[in-house]
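To keep things clear, I will list the structure first and then write my remarks on it.
First chain written, first letter: the chains are A, B, C and D, and each begins at residue 1.
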Amino acid sequence: MPSFTFRRQLTIEWGQCDPAGIVFNSRFFEMFDTSSWLLFEAALGVKPQDLGRHFGIIGIALVGARADFLKPVRFGAAIEIASRVSEFRRSSFDVEHKITIAGELAVDGGESRVWTARNKDDADKIGAAPIPAEVIARFG
Amino acid sequence: MPSFTFRRQLTIEWGQCDPAGIVFNSRFFEMFDTSSWLLFEAALGVKPQDLGRHFGIIGIALVGARADFLKPVRFGAAIEIASRVSEFRRSSFDVEHKITIAGELAVDGGESRVWTARNKDDADKIGAAPIPAEVIARFG
Amino acid sequence: MPSFTFRRQLTIEWGQCDPAGIVFNSRFFEMFDTSSWLLFEAALGVKPQDLGRHFGIIGIALVGARADFLKPVRFGAAIEIASRVSEFRRSSFDVEHKITIAGELAVDGGESRVWTARNKDDADKIGAAPIPAEVIARFG
Amino acid sequence: MPSFTFRRQLTIEWGQCDPAGIVFNSRFFEMFDTSSWLLFEAALGVKPQDLGRHFGIIGIALVGARADFLKPVRFGAAIEIASRVSEFRRSSFDVEHKITIAGELAVDGGESRVWTARNKDDADKIGAAPIPAEVIARFG
């Protein structure tokens, strides 16, 4: 199982919170997406905006996302997001995102993504492509 | 299984789309949340902003959300969101949200929510409360 | 002064509101942007996603936005947004957006936009292009 | 004129950008709001979530916002936001927000805010209150 983990710390902003004073759920999925880009940047040394060109792909398309909201996360809360690829398959992979406050798990999230490229024979077609072994190795 | 279904039609906006020209994932979770409020309004005849007061609860707290993104949904796409409570439990329930384009499923989503109230003996405590039978009956 | 006005009605959603229970300011600018696209669709009969191709332009680039927030707009409020081009210049124009609740002005907003096209001699260059007279006439 | 300036550095995220590959305008107003909170925290030493309680106010209500978008800001861009109170009046003030990329001004924004408190004689009424001299002094 890949063990490379990317962590970042954020402080919850006013505009991320709803009338209950806690983070509105869609905001967590914004955080997950950004953390996935940053996880890949940290593992591969390639900036998000260069990822496609660098590997000859369209991107790492999101095909699924989920989260369990275990504790309310309030305006001003200091959170940590720890992100890790939990499984690589041939052309897709799962990322887990765990948000903690002072070490306690508050949001348990995940994404499924596909290594997406243009078809070699028909550039108008887009689809899943095999993830290069050297990419997977960097998450070891 | 509750069969009451709330449907609404939307056209995808420029600001909901990412540099790939398709809806950014967090926007679907915004749509789900609003559809859940509107589903309850349609079933119960109570406006979202009156739901808490009407039933003596804090709200219908979101404790889980998920989506599978099956087809890209582009700027300008005409979508339909069909939302339905798929299961009521004692104090929690699941809502399924299916987004279709011209009848084809594009996003298959869901939420888990809790009927949340103040504790009768200690108003500072908030927690799950039994969902009234007459509420469940309206979704029949 | 162009008099063609596009009006739409919205109900404020939970996820658009902040911990004060009122619309978070950035959400109004989302509404303005969508109303501008819809104003052009209504005046020109061209769908937003076809606007660029139809007129041989890149788009109607936003170069300025502003709003005065006169009254709080709460969760569940029924609002109307009335949008109108207040001035056409050679290659730019201003759109005013007035949000009312039960006829009372709540938000007084505006945008400045540029009719943006690729340079005819150098397609890598993008810049302001003259707005066709027949476009302006449709807003009469 | 107050000279205290708060600066922060951000990298533009995928989800902040639109199909043109540049930041969608509403996202800048999110950044401005957060920078205003952080400017006050930096000047006053009070965390955003404690500001109301600390000064006996409701908050620093936003009554106006504006921005000129001078240069496109792309996915992955490294930006700096410099925020400063440009003028204090009796019970309101203006904040200017300048976003630069490598020292070049890309977005020139501003907000108007009101020092907002409950009426001393009628707690149901909310309105502008005089800004304490010691608050203004901290921005000197």
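Odds and ends about this structure:
Just so it is clear, contacts are C-beta pairs under 8 Å (C-beta built on N, C-alpha and C of every residue); 3 or more make two chains touch, one makes a residue touch a chain.
Keep in mind it's a predicted model, so treat the numbers as computed, not measured.
Listed here as common contacts of subunit A and subunit B: C, D. The chain pair with the larger count of C-beta pairs in contact, out of B-C and A-C, is B-C. Centre-to-centre separation between subunit C and subunit D, using Cα means, comes to 24 Å. With each centre defined as the average position of its C-alpha atoms, the distance from subunit A to subunit C rounds to 33 Å.
Taking each chain's centre as the mean of its C-alpha atoms, subunit B lies 29 Å from subunit C. Each of the following residues of subunit B touches two or more other chains: 14-15, 20, 24, 26, 30, 33, 75. Within the complex formed with subunit D, the residues of subunit C that make contact are 20, 24-27, 29-30, 33, 58-59, 62-70. Residues 14-15, 17-21, 24, 26, 75 of subunit B touch subunit D in their complex. Interface of subunit C with subunit B (complex): residues 13-15, 30, 33-34, 37, 47-50, 74-76.
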